[in-house]
Every structure is written in C-alpha cells, then in structure tokens.
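Here come two complexes built around chain A, the first alongside chain B, the second alongside chain C.
Right, the complex of A and B next:
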C-alpha cells in the first residue's frame, strides 16, 4: 500500500516537473509549482519526514508561489517561444543523468536500515537524544541543540537574503521623478475584493491560522513543527490577507519599520542565548549551562528561546520580502503608471498585451 | 541487480528536468522555476536516504513518560538538514526574483536573448565611441 502511494506521488511529481518545463504561460507554471510542492510534502510524509513535509507545504505551496506571482505582476506573464531546439542542453542533461544513474548503482536500497547514513553521528542522535535533551521530537533536538551552530548560520543566511531583497527592490524606483507626488495608495484590488467567498474566508480563517502558527511554534518540541514552520505559516496568513485586502491592510497590522527591525531581533535572540551560555562558562549554545543542576531543563529552555528567535526572524524576513515586492511599482511603457496591487494585474490579465508591445 | 534504488532514479530525473529548464529556457523566471525543481530533487535525495523500512517519524512514542521499546524510527539527521535548506532556499529564490525585477526595469525584458543583445549593442557603441574619440 505504501509502495503504491509512493509510486503514484512520484509519477505525479514527474508529470508536474515536465508540465512546468513545457508551460509557456508563466502564471500557470507558478500555480503548478505550488502543486509540485504539495505533492512533495505528501512524499516527505510517506518517507517519515513530517517536519520537512510541514515546511515544504508552508514554504512551497504558500510563500514561494506568491513570490513567483508577485514577480510576474512586475514583469511579463508569458515566456517567448524559443527560436531553436536546444540540442546541446539535451545532450548535457542526458550525459549527466546517465552518469548520476551509474553513480546510484552503489547506493544502499531504499529503506535499508544498515545504510551508512544511519551510522556515526546520526546513530548518536537517535539513541542518546532522549537522555541528553529529553524532547520527544528528535528533529527539534538535533536542529536547535546538537546542530545549533548550523541553524544559527542558516538563520543568518535568511536574514541576509531579507536584506538583499530589501536593497534590491526598495531603493531606486527610476520611473518616479524626484519631487513628484507619491503614487496613490495601493488600496484597490477590486476584482478580488468583490468576491464574497474570498472576503468571508480571509476574515474568518485569519485568527485560526495565526493561532495555529503560535501552536506550531510552542509545540515544536513535542510534535512536528518549530520556529521555521511557525514563522512561515504566520507570514503566509498575513500574505493571504494582503492578497485580498491589499498590502496596506497588512501594514496597518504589522508596520513595515517594526517588521524590518524584527528581522534582526530574532537573530539577536538566538545569538544572545549563545553569548549567555558563554558567560556562564560553557560552550557557545550549550544550553545545559542555563540550569546546571538539571541539564535537561536547560536544554528545554534554550531550545524554546532559540526557536522563538528562529520564528521571529523567519516570519519577519518573509513579510519584508512580501512588502518590498508588493509595494514596488511596475515599470511600464503604458500611460497607466500607477503601481499594480499585488496580483491585481495577474488576475485581470491585461498585462501581457502591454508587455508584448514593450518587448517589440 | 539492486532493485531498491528506483527512488534515486526518480530523483535523478527530476534533477535533470530542473537542469534542462535552467539551461534551455531563455526566460529568467522560468530558469528560477527550474532551479526550484532542482533544489527539491536534492532535498528528496537526502530525505529518501533517511527512510528506514518499517520505521516511523522520528518523534519518540512515549509510554508512561519514557520512550516505548521496540519502535524503529527513520533517521532524523537528513530531515534537520533539509528542513532548514527549504527555508533558506525560498529566501535565496526571493533574492533571485528581486534581481529579475531589476533586470526587467533596466532592460524592459526578462528574456535572456533580449538582454544579451542589448548588452552587446551597448558594448559595440562604447567601443565605437572610444575609437572615434581617438588617442
């Protein structure tokens, strides 16, 4: 039964990858990447990676699809027909693929419990994590405690990416002449907002999604979840709201200045825990220092605070990225130069003709 | 012949599909989609290595406050590494998309052919100006 599910999901995945590759309507392709991610999340669940599935579902089907759509609203929705068949690319791909398949022949079989990957440090984590950390979710223990350095570095990468997108897109709007009045507020997304189902659902579901995000944040020690997932879900809820009521509605709730500062706050909380353990005479991020008589309690405290930092930074960075994409005015040759509300252009579908003129 | 490795072949196919899109497609947004497919395939490779037959998710099944005996868990280490990689991946994808938006503003197109053509034209014009100015 499990094999049947795996095979079916893999077949769907291959199908989706091929369709995404062939689809020249980029709006459809973006939506298909969301489905692609959802199928992946299903596969990860079958492979027992519930935390990964959780993250993939929230990130792939939620945030990254919206980011692709936001980019399409600022660029072009159709891919141009290629002038020739890329024979060289086909050759390179076939050769590389053949070499990789040859390489897999030495791999251990799927699900083999004696595979090398289960030895060494992984075995230590699986066997000792209950005694050393005492949390039911092994993934959380490894993520925040054993490999806390890694996670700190990854959080730094996310923070840096947030700064990078801000620098790229919030500065220098060339088409707006200096001294000109600011563009009209992006408050109208009439087509989306008139739909009663979307209006009701966005309002009714909001508190539950936000509450669920907080639950995932707090419950990550015991079940699937943690700071990464919680941060993404929290922001996905806000972005869902923003898609229907406009970015300004979200900014009224979470002010942009505040969110930009919060990106650093989370990272500082994480690093602060590390510095605290240092000053208590232990190694960096050795949470046992927080409660010397009872090292497990120290671990619990440390992991909780560190996950909180992760959640704050991830959530804030994703929100900042959404803000800069949504508030960027679209540069266009048409006289209608007001900034398009995010997805407003994509939904109306009037962009492609203007872009075709711009290209020619 | 090892028959239990077909999952790696699916991964290789997905990886090559992503690589093909990155190389063959001329649209920058499409290239990033290909890169996302490639990234997912790498994540799939790691996660499928962590699977143990008959195992369950790496969350201790508690029996009266202590882990129950005789339960097989899948390997948690690949899960940890890939979980963070997904979130980092979407953050870096956002940087790429930001770059694409700036390219569109500077060149009026996100097609590689158009951008390269304009670059060449600009270079040629610069060289001509330099030659005309003389030593």
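Right, the complex of A and C next:
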C-alpha cells in the first residue's frame, strides 16, 4: 500500500515537473509549483519526515507561491517564447540527471537498517537525546541543540534574504524619506465588495490561523513544528488578509518599520542565547550553561528561546518581503490585460474614485 | 576569552549586522561596522599568531561528530586573517560607487549585507563541518548578490542576476554533493567523512564519485574556473567599489580554500589524483583559464573589467597549483592565494581612488593620469608589477613557488605556460601604464591639484596595501615559513 502511494506521488511529481517546464503561462506555472510542493510534502510524510513535510507545505505551497504571484504582478504573466530550442541546456540537464542516477547505483537501499545514515551520528541522536536533551521530538533536539549553530546560520540566511530584497526593491517607496507625511490611506481593493464570501471567511479564519501558529511555535518540542513553521503560518495568515483587504490593512496592524526591526530582533535573540552561554564560560549555544544543576532544564530553556527568535525573524522577514513587493509602483499595464487581482494593493491604483466612494 | 576566539571571529560580524538594522543612523552604522570588522580582524590575527596544534571548538558543547566543530589550524587562521584584513580595508571605502538610493536611507542595509557577507565567508573557512560550510556559503552568496546589484549603473542588476542564477546552481550542486557524502558516511564532520572515505566499501563507490563531481562543479562555478567563469567580469566590474575590492580579495579565495580542503581532506589526495586522475583535467582547465582570462584582459576598455578578467587568469594559476597534487603545489597555491588577494584588492581600491578623481574607469579617460593624479598612477604601477610577478613584490614570491612546484614534478609545459601567461600580464598592465604616462591629458582635464586633490579615503588604504605587498615580497621568509607548515598540514589531510 505504501509502495503504491509512493509510486503514485512520484508519478505525479514527474508529471507536474514536465508540465511546469512546458508551461508558458507563468501564472499557471506558479500555481503548479505550489502543487509540486504539496506533492513533495506528501512524499515526506510517507517517509515519516513530518517536520520537513510541514515546512515544505508552509513554505513551498504557501509563501513562495504568493511571492511568485507578487513578482508576476510587477512584471509579466507570460514567458516570451525563446527564439531557438535550448538544446545545450537540455543536454546539460540530461547529463546531470544521468549522473544522479549513476550515483544511486551504489546507494544503500532505502530503509536499510545497516545503512551509514542510520548507524552514524543519527544513532547517537536516537539513543541518547532523551537523556541529553529530554525532548520527545528528536528532530527539534537535533535542529535546535546538536546542530543549533546550523539553525542559527539558517536564520542568518533568512535575515540576509530580507536585507537583500529590501536593498533591491525598496528604492522609491514612500518609506524611504524619513519624516515625510504618511501616504493617504488606500481604499480597499475593488473586488472585495464583490466577494462577500472571501471577506467573511478571511476575517473569520484569522484568529484560528494565528492561534494555530502560536500552537505550532510552542508545540515544536513535542510534535512536528517549531519556530520556522510557526513564523511562516503566522505570516501566511497576515498575507491572506492582505490579499483580500489590501496591504495597507496589514500595515495598520504591523507597521512596516516595526516589522523591519523585528527581523533583526529574532536573530539577536538567537545570538543572544549564544552570547549568554559564552559569558557563562561555556561554548557558544551550549544551553546546559543556563542551568548548571539540571543541564536538561538548560536545554529546554535554550531551545524555547532560540525557537522564539526563529519564529520572530522568519515571520518578520516574510512580511517585509511581502510589503516590499506590494508597495512597488506598478509597471504600465496595457489596457488589454487585466492586472492580477491577487495582491490587494496591486490593484489599488486601478480603482476609480467613483468605485472607492461607492465602496465606502 | 581566548578559547572563545574561533567563534567570535564569525559571530561578531554576524550579530553586528542585525544591530545595524536597529541602529539605522548612517554615521553610527559606518563606525560600528568598521569596529566589528576590526574586532574580527584582531581575533583572527591573534589566532594566526598563537595557533600551534589544531584548536577544536565544540559549538553547543557537543563534541564532533555529534555536534558542529570549529577547527582552527595554521591554514584556516591564515585565511581568516587575510579575509578579515581585506574586509576592513574595503569597508574604509564606504558607500562609494553605489546607487543613490543606497546612500539615501538604505545605508544601514548596505553595511549589514557587507558584514553578513564577511561572516558567511569566515564561517566557511573556520568550520570543520561539511554542512555548516553550505549554510555559511548561502549567507555569503545571498548578501553578495544584493551587494553587486547596488552598483551605480543599471547594468549592475543584470550582473547580479547572472551571478545569482549561476551561484545558486553552484550552491545546489555543493549541497547535493554533501548530501551524497552524508548518505555514504552517516556523518557531516569533515575529518570523520575523510576517515570513512578510506574504507573501500565507501571510497570505491559510484555514489562517492558522483558526490565528488557535484562538489567540484559546484565549487568550480563559485570559483570561476575556466568554462564556468562568465558571471565574474560583470559582477566585479559593476559592483560598488567597496564590494568589488572585497570580493576580488576574498570570495574566490575562500572558495579556493574550500576546494583545496574538499580535494585534499574530504576525498584525500590519493583518491583525487591517484584513483580519479583528476590532476590532468584540472591542469588543462587551469591553462585555458590562464590564457583566456589574460587575453580577454588585454582587450578591455574599462579598468575594473580589465582587473576582473585578470582575476580569471589568476584563478587559473591557483587551480594549476592544486592540480599538481603535491605538497609543493599546495604551498604555492596557498601562497599565491594570499599574494593575489592583497594585490588585487589593492588594485581595486586604487581603481576606486581613480574613479573618485576622474569620474570614470574607462581606460582612454585615464590619459595623462601620471601628471594629473601621480600618486594614483604610481599606486597602479606598483599593483601592476605585483600582478605580473616582478621580483620585489609578493606576486613574485608566490609565482616563483608555483614555478618550483611545476618543475619539481617535471611539468615543463606548465612552467613554460606560466612564463608565457605572465608576459600577457605585462601586456595588459602596460596598456594602462602607457595611457597614464605617455598620452597627453585631454585639454579640458583639470590640472594637478596637489595632495588635496586626492580621495584619501580610497588612496590611503590602497597605498597601505601596496606597501604591504612590497614588504611581503622583500621580507617574505616569516610568511613563507608559516604558509609552508600550513600547507604541509593541509596536504596530509589535517584540515
């Protein structure tokens, strides 16, 4: 039965990859990458890697699809047809694929208990983490403590991504000039009026999604979850709200300047734990230093705080990226083509004053 | 405190970056970032001066291979000191040559990205863990793409996008390679992987061969080895002054160090150069890079592009040294990495000073610079001599070591090619010198303005670096002795 599921999912995955590759309509391609990620998440679940599946579903199927759409709203929905078939590129890709297949020939069988991945460090994590860290979810123990410095680095990657996107795209936005009067409140996107179901559902769902994010944040020690997934879910809720009510509605709740600072605060919280253990005379991120009598308690405290830092930075960076995209001035859209009605504010410029008045 | 130095080198810039975002005020941001780079330099230099036996620092308190290990040897300390020093000198250039919006309200983000890039490069050097290399590679790569795009002209965006696409492919290949190695060894600690690799049931597998291929191609892209070098000229030429001088001296150098460690430590010299016979392949690519880069440099019309193409040629020297698969080659490679890093950074800083004075880096606009800005022109000549490898410069010491390593292994062809490509360097340096000294300045050019006509914020660091490269060339024995022990250690698989 499991084999059947795996084969079906892989077949879907390959089919989806081919369809995306041949797709010229970038809007469809973006939606399909979301489905691609969802199938990946399914495969990870079958492999019992629920934490990874959770992240893949939240990031791949959720946030990155929204960011793709945001990019399309700024650029174009259709890919220009290349002038010639990229034979050389296809050749390189085929060669790379062939190399990967060649590499699988000597791999240990999937699930082989004597494979190196099961007898190496993983064995130590499985056997000893209960005594050394004392968390039921071993994955959290590995990510936040045994390899906590990697996670610190990954948080650095996310923070860097936020800085990079802000540097690249935020030129020319109203936020740039400090002290300038705030821009006039933007009217609601035109389609909100026409979609009472979306309006109601988005408002009704909001508290549950936010609460779920907090649950995922706190429950990472015991089940799948943690700061990364929680941060993404939290921001996904806000972006969902922004899609329906326009970015200014979200900005009223989470001010842009504040969110920009929050990206730094999360990383500083994580690093601050490291600096604390360092000043206590232990190694960087050695949480046992936090409670010398009960090293396990120290581990719990340390993991709790660094996960909080992860949650803050991840959610703030995602939100900053969304703000930056949503506040970009739009390119000239030909009257023939309707702009994507997905970015909320992306369409604000198109609302005639009549419509706005009728709406209010 | 002293035992915490290995981690402080990386963590100081990494945690200063978010502080800058909170701070925002441009003046404070400039000072704080410079302080962070200086502190990191002090830590790195202290490590380099005091390290004897390898230092193993257990992050999180978990001993390797259970946890992540920072490992400081003479080789890593040498690279750490090099990278931090160059970063500090580059930071002195500040936001010269950036887009106007950077200086207008985005200064803190620019400096934060710079420090993140520095932290990423340092993290890759000092770690003894294969996956940790990838994490910090990501930090340095992402920040580099954003920094390159901050160049003055719109072309900087295209340059950054090209670099982003190729660099991401490179990073992904590295990750696939590490993943395959983990699958075959069950560990991520570099020395532990190396231990497993000596077992026939691991080292002899096709999976390990494919892991080798992916790691080499991945690093090859980021290193700009000959056919994979297309991203480099535009990325270097279009980026702001501080970024181009920083990248030219560090980015490819750190990747070169990673490649050395991958070949000599992870896989082992006997596997790479014995079983796989990789030396000949790498040697041929190196030769092609040496000539293609230097020839292209001759035909450039802008100073920064000329320097960038010359870097492709210099990467050829570095990989050639590695391809010998000998201890002498490792020594020559490490030494040339250091010499070229200082020389090329100095030259890019000089280019920044020239751009400040002349307003452009087009070579034909530099006519009569020897009269208009004699110190700038003189500094360029000194750097050019180092690039060619004239006796008395650091470039000579390292090229001589390279020549010796080639002759020691009986590679007469390689030795001849080295000399021939040095002649090409003479040609492209002379082209600029000729314009600077033997052409009349345009009639409308402003006359020499004495010492106050210079952009000392750029020329000062340039002159210091030039003097350093001359001093290292004249009085080289302490540094060559140090590098020789480092190379011996590295070649014997000591990380």
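Rule of thumb we're sticking to: the second predicted complex is superposed on the first by the 313 of 360 C-alpha atoms of A that agree within 3 Å, B and C clash if a C-alpha of one lies under 4 Å from a C-alpha of the other, contacts with A are read in each partner's own complex, and residues count from 1 in each chain.
Methods note: a residue touches a chain if its C-beta (ideal position, glycine included) is under 8 Å from a C-beta of that chain, and two chains touch if they have at least 3 such contacts.
Keep in mind that this is a model prediction, so the values were computed, not measured.
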Query - Partners on chain A (chain B, chain C) - clash or fit - result: fit
Query - Touching partner for A:208 - first (chain B), second (chain C), both, neither - result: neither
Query raised in the report: Which partner reaches more residues of chain A, chain B or chain C?
Result: B
**Report entry** First, second, both or neither for A:274, with chain B first and chain C second
**Finding:** second
Report task. Look at A:74 in the shared chain and tell me whether it touches chain B only, chain C only, both, or neither; answer first, second, both or neither. Result -> first
Query raised in the report: Of the partners chain B and chain C, which touch A:253 in the superposed model: first, second, both, neither?
Result: neither
Requested in this report: With the two complexes superposed on chain A, say which partner A:15 touches: chain B (first), chain C (second), both, or neither.
Outcome: neither
Query raised in the report: Should A:122 be classified as contacting the first partner (chain B), the second (chain C), both, or neither?
Result: both
Report task. State whether A:149 touches chain B only (first), chain C only (second), both chains, or neither. Result -> second
Requested in this report: Based on the superposed arrangement, let me know which partner A:40 touches: chain B (first), chain C (second), both, or neither?
Outcome: first
Report summary line: Minimum Cα separation between chain B and chain C after superposition, in Å, equals 6
Query raised in the report: Overlap of the chain B and chain C footprints on chain A, residue-wise?
Result: 100, 104-105, 107, 115, 117-118, 121-122, 125, 147, 150, 154, 157, 161, 164-165, 168
**Report entry** Interface residues, chain C side, partner chain A - complex
**Finding:** 4, 7, 11, 14-15, 17-19, 21-22, 57-62, 65-68, 99, 101-102, 104-106, 109-110, 112-113, 116, 119-120, 123, 129, 131-132, 135-136, 138-139, 142-143, 145-146, 149-150, 176, 180, 182-188, 196, 202, 205-211, 213-214
Report summary line: chain A residues touching chain B in their complex are 6, 10, 13-14, 17-18, 20-21, 26, 29-30, 33, 36-37, 40, 43-44, 47-52, 55-56, 59-60, 63-64, 67-68, 70-72, 74-76, 79-80, 82-83, 86, 89-90, 92-94, 96-97, 100-101, 104-105, 107, 109-113, 115, 117-118, 121-122, 125-126, 129-130, 136-139, 142-143, 147, 150-151, 154, 157-158, 161-162, 164-165, 168-169, 174-175, 222-224, 226, 228, 232, 314, 317-318, 321, 324-325, 328, 331, 333, 358-359
Report task. Note which residues of chain B are touching chain A in the complex, please. Result -> 2-10, 12-21, 23-27, 29-30, 32-34, 36-37, 40, 43-44, 47-60, 62, 66-67, 72-95, 97-102, 104-105, 108-111, 113-114
Query - Residues of chain A that touch chain C when the two form their complex - result: 99-100, 102-108, 115-122, 124-125, 145-150, 153-154, 156-157, 159-161, 163-168, 170-172, 176-178, 260-261, 263-265, 267-268, 271, 274-275, 278, 282-289
